[in-house]
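Consider the two complexes below, in which subunit A is the common component and subunit B and subunit C are the respective partners.
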Partner chain A sequence: MFDLLPHIVNGLTLGLLFALIALGFMLIVGVMEQINLAHGSLFALGAYVAVVLLGPQPPLPPGLFEWWVGQGLGMRYALTLLIAPMIVGLVGAVVELALRRTYGKDPLYGLLLTFGVAMVIEEAIRSIWGTRDYSLPTPTTIAGGFIAGDLIWSTYRFYAAAVAAGVILLTWLFIEKTPYGAVIKAGAHDSEMVRALGFDLATLRTGVFVLGTMLAAFAGIIMAPIWGIRPHMGVDAVVPAFLVIVLGGVGSFWGAVVAGLMVGLVVGLTGAYASEWSLLSMYLLLVAVVTVRSRGLFGKKSILEA
Partner chain B sequence: MTPSPHAARLVTPMMLALGVVLATVPLWITKIGLYPYLGVEILIWSIYALAYNLLLGTAGLPSFGHGAYFGVGAYAFGLTQLHVAPGLWVCLTGALLAGALAGLVVAAFISHRRGIYYAFMTIAFGQIFWFMAMKLRDLTGGEDGLLKIARPPVDLGIAAFDITDNVSLFYFVLAAFLVVVVGLWRLTHSPFGRVLSAIRQSETRAAHLGYHVRVYKMSVFTLSAALSGLAGGLFAMAQNSAFPDVMSLHHSGYVVMMVLVGGGLVSFWGPVVGVVVFLVARDVIGAVTNTWMLWFGLLFILVVLFRPEGIAGAWQAATKGVDLKRLRLRGSAALAQVLKV
Partner chain C sequence: MSEREVSRRRLLQGSATAAALAGVGSFFGPWHHNRAYAQSKPIKIGLTCDASGQYGNSGQDDLRGIRMAIAEANARGGVLGRKIEWITADTETTPATGTRIAERFVREEAAFLIGAVHSGVANAITQVAAKHGIIYLNTNSSAPSEAGENCSRVKFVWDGNGSNFSKAAVRNAVESIGKNWLLLTNDYVWGHSTSNATKALVEAAGGRIVDNLLVPQNTRDFTSYLLKVQQLKPDVVATAIGGDDIKALRTQVAQLKLDGKPAWINNQQDWPDIWGQPDTLFGVFGTTWYHKLALPGVPEFVAKWKAAADGGAIPVPGNVSYNGYMATRELLRAIERAGSTNNIKIIRQLEALRIPAEDRMQHFEAYMDPATHQLQQTIYLARRNVKPADPTDLYEILSWTRPQDVVDEAAAGKCKLVPHDQVPTVDA
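What follows is the complex of A and B.
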């Protein structure tokens, strides 16, 4: 049992990260009933923008450049976690404008469109940054490792898991406990009524989409030191994201979190005994669960069933 | 697809014309700056795209992991050649059957699903096949792929042709292409094809009419996977190798893009048009810039948004004097049916 413990811990930390990757995807599916296949590309874009901001030559106007480079790495890293998602959020706003024609139609329509968008963003990344791998400079306080129970643990993974848990909680609080969240949820259920009450539904949807995009970019930055930064990382992220959503049940917030943890555990445990097959295990998990429970673990009936 | 005056015929004038034009391709393709192998590639991808469109365009079933069956066929061709028998017909049969088997298994899992869940499951299964190809190194060679696949001679019993050079390979693949075209044309214009169209328009209605929708969905998926496997087998033979790459999500996406851009939703020939545009664009634009996929991706977005009838639809409007507005309505209606809007 004790031999298993490190793998369980690793699996759970990984699970929180999977849940974080799926969070923005889930928000857009849950509220707008749009499948955003570009989620992974926006995730990758977040990591690339962070690399530019934290790199030695960020493209900033002279005065700002001196100030930015003069900051310590810790400060710049913290600011990057805020700024990079905002920059990627602008791209998300453009994507949302293109998606407007698909509202009220089957989610497959949006899926096709965002597939094209994913292709375009990924190719843009390739043409700007090339195909080589990048790494993200992280402050020394969260890099490195520590020893506990005769094992070396990566500090960064714990930091990343804690941040993921924090952001998941904040998102939940925002959706469930604030008036903004209430309007967003109402907009998903009864758009006519929300419009009649005087809310600008178009702006609301743009806002939700941008928030989802920012969460994707944020997850990209957090995952960057673990997965590395390369053009393919978008696909590596979007497939687990939809998998977590389907597994947890479309429309269920905690379902997705539980599914994320489950996927993390399964990947972590397979990784311990058959590392080659660790990524396959999550697909087998999905097939097994969905064969028995067609709506996933906690899914409700939704328009996604068509 | 609307009934056409040639529907009942085995061979239509269009097929004959296309066959004749294609047969002359090796005579002029090098003169316009391209190369014979591109012709081979276009024909193989056309078989694949037509097989895919049987599922998407005719039956309205969106598969986003179809590269899996193309890849399974490619590996099956190579493995049959290396481990079972080197003959061409055995290897191609192996590719066809392996594709069919993989398709049948997946279809059994997903055919009671609809819409987005159907699409999701095709992606999940596509990824499973891709991972297996990557990880079953002893069998597939992992990322290095399966190398040294030979092009066996075409043995017709009375005579045998060598297809190691690209021009003779082209004629062999052309023959395979024409056989598939005739078969698929007959199929889509048969009662079976009509039921598939009915399912595309409304699964519920088709079920109420007494058709076993699930059986039809399984059959068409298996058939489409089998023909994709055949295309994959031809591809492995043409490339002399099989790689996991063709099973990736990207490659699965390419066939969707080709079919939609070409106009597969309103035209039997749409997928072929899409393949030609895609592959020629890859070579011509790709020679100038590395970002050609970016431009093709933008084209795809615009087609989905504004021109669901695709290039073949625009062509029909130009040549047959079909009112573009009506055609566009047909394109939107077809897309709407596939997407159950």
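What follows is the complex of A and C.
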């Protein structure tokens, strides 16, 4: 059991990160019934924008530039966690404007559009930043490792898992406990009624898409020091994100979180004890679950069954 | 409703029949072609370089070197008085795409194929090249199997392979660092064949393999593997991890501060996998060339490459671009020496190839092994340079080993080359 414990802890931290990656994806699927295949590219874009902001020459106007580079890395990193998702969120708003024409039509249109957007963003990343790898500078307080038992653990990984848990909780509170969240949920169930009650449905949808995009970008920044930053890192993110929401049940918030933890545990444990199965294990888990429960763990009726 | 409309069922039946016929066609041949292109045509070469996938960066770096060699030849008036033309397409680090692109290039009358980093892609291209008799230069795939069980009369392998690098590193490491070794192996042909070679060498030197952890391709999180490394406490971890996977591994090893103990032997490190993240460069690793080797001709080559690359993503040539350049240059020279584009004549020229050290900008003469078609060349061991002269000076070269001392002896026994007269003849 003592041998197993580090791998369980590792699996759970990894699972929280998978859930974080899936969170924005889940929000847009669950609320807007749109599968956003650009999620991975927006995830990558978040990491690249963070690299620019934390790099030695951020493109800022004089005055602001001097103030920014004069700050310590810790302050700049904290501000980047807020600013970079906002910048990527603007891209999300543009995507949503294009996506509007597909609402109420065959879901294939939305799928194709977001797939096209994913390719455009990835190629834009290659054009702007090239194909080389980048690493994201992180403050020394969250870098390095610490010894627990006789094992060295990554400080950053625990920090990332804690942040992921915090963001998941905040998102849940926003959806469940605020009037805005209530309108978003109502819009998902009966958009015509929400419109009849005087809410601006277009603005609501834009808001949800932008929030989902910001969560994708945020996840990209958090994962960057672990995975590294390269143009097709988005593909590495969108596949587990899709898998997690299908496993958890499309539209289920806590389903996605539980599924993320399960995937993390399975990948972590197979990595340690049957390493050649570690990537395949998440797919096998999905097959096992959807075979006995086609809607996923906590799924409700959704567009996938329409 | 038009009578000509094809029903879905009919379409599926037609597709199935076509697929079956295609399968039968490739199984039963044709095995022998006799093809002659018009002499007035330029010589066309198909460059099978990945532009995406795990080795997308390396594939494009390979392409830079290949293009440079072709441009130099054209600037001299071409080969046999004929211009060299090239076509390229993204082989996507995917064997199936490699096959498709190679077939397309053959249809487009490419007389030679050059390029590959991933051994699965290289092997797929080899099958196409062998079927049509097209000479294929595997520039940068370093699986021992490429010059072993997957060798071919039409294929020439230009990179050092996993066995060569292991031979250069293992004996010394077993004696000086420790006997307990852990293998981290990318779960595909290059990873397996490289780790097998390392295992044999470790055991021959009196060492012991405590475990071999198979790492699926496209793994991004290595924490469970690294925890296992910590639990097993090996003296040495020998990795056969490539492409984007090794980048992720290096990031995480550095993050966990595991880069000091245990000792890491990382087989070959391709320059495109290093560039951009020098802080994560750990352990001892192999290479075939470095842009700061203190040898005549190196600075001039670097300057030429920089001018030709015209501000690409990587500012200096590394081993991948170097291999692409050298392979292409030697093919074009072999055509000149043969005085013909006849594939059999060129194959014989390449089989007898010897390249003086100064001409290759390496420490020792290189030679083509006629039994395996792998270029035997100087193997360098390096580690991270802690006192770089400039931002590109990432390596400290620790040793250079003669080609004769790192020969992969097992390859000749596994490689069965068909006789020359059984190769379909091609004349561009």
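Here, the second predicted complex is superposed on the first by the 301 of 306 C-alpha atoms of A that agree within 3 Å, B and C clash if a C-alpha of one lies under 4 Å from a C-alpha of the other, contacts with A are read in each partner's own complex, and residues count from 1 in each chain.
We take it that a contact is a pair of C-beta atoms (placed from the backbone, for glycine too) under 8 Å apart; a residue touches a chain by one contact, two chains touch by 3 or more.
Just so it is clear, the structure is predicted and the values come from calculations on it, not from any experiment.
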Three-chain arrangement built on subunit A, subunit B and subunit C clash or fit: clash
Partner chain(s) touched by A:Arg157 [first = subunit B, second = subunit C, both, neither]: second
Which superposed partner A:Leu27 touches (first subunit B, second subunit C, both, neither): neither
Partner chain in contact with A:Val266 - subunit B first, subunit C second, else both or neither: neither
Partner chain(s) touched by A:Val210 [first = subunit B, second = subunit C, both, neither]: neither
First (subunit B), second (subunit C), both or neither touched by A:Ile222: neither
Partner chain in contact with A:Leu279 - subunit B first, subunit C second, else both or neither: both
Overlap of the subunit B and subunit C footprints on subunit A, listed as residue numbers: 276-277, 279-280
Complex contact set, residues of subunit A against subunit C: 3, 6-7, 10-11, 13-14, 130-135, 143-145, 150-154, 156-157, 225-228, 230, 232, 236, 267-272, 275-280
Complex contact set, residues of subunit B against subunit A: 62, 64, 109, 113-117, 119-121, 123-125, 127-128, 131-132, 135, 248-250, 253, 256-257, 260, 290-291, 293-294, 296-298, 300-301, 304-305, 335-336, 338-341
Touching residues (chain side subunit C, partner subunit A) in the complex: 52-53, 56-57, 60, 187, 213-225, 227-228, 230-231, 244, 247-248, 251-252, 255-258, 272, 275-277, 279-280, 312-314
Subunit A residues within the subunit B interface of the complex: 35, 98, 101, 105-109, 111-113, 115-117, 119-120, 123-124, 126-127, 235, 239, 242-243, 246, 276-277, 279-280, 283-284, 286-287, 290-291, 294, 304-306
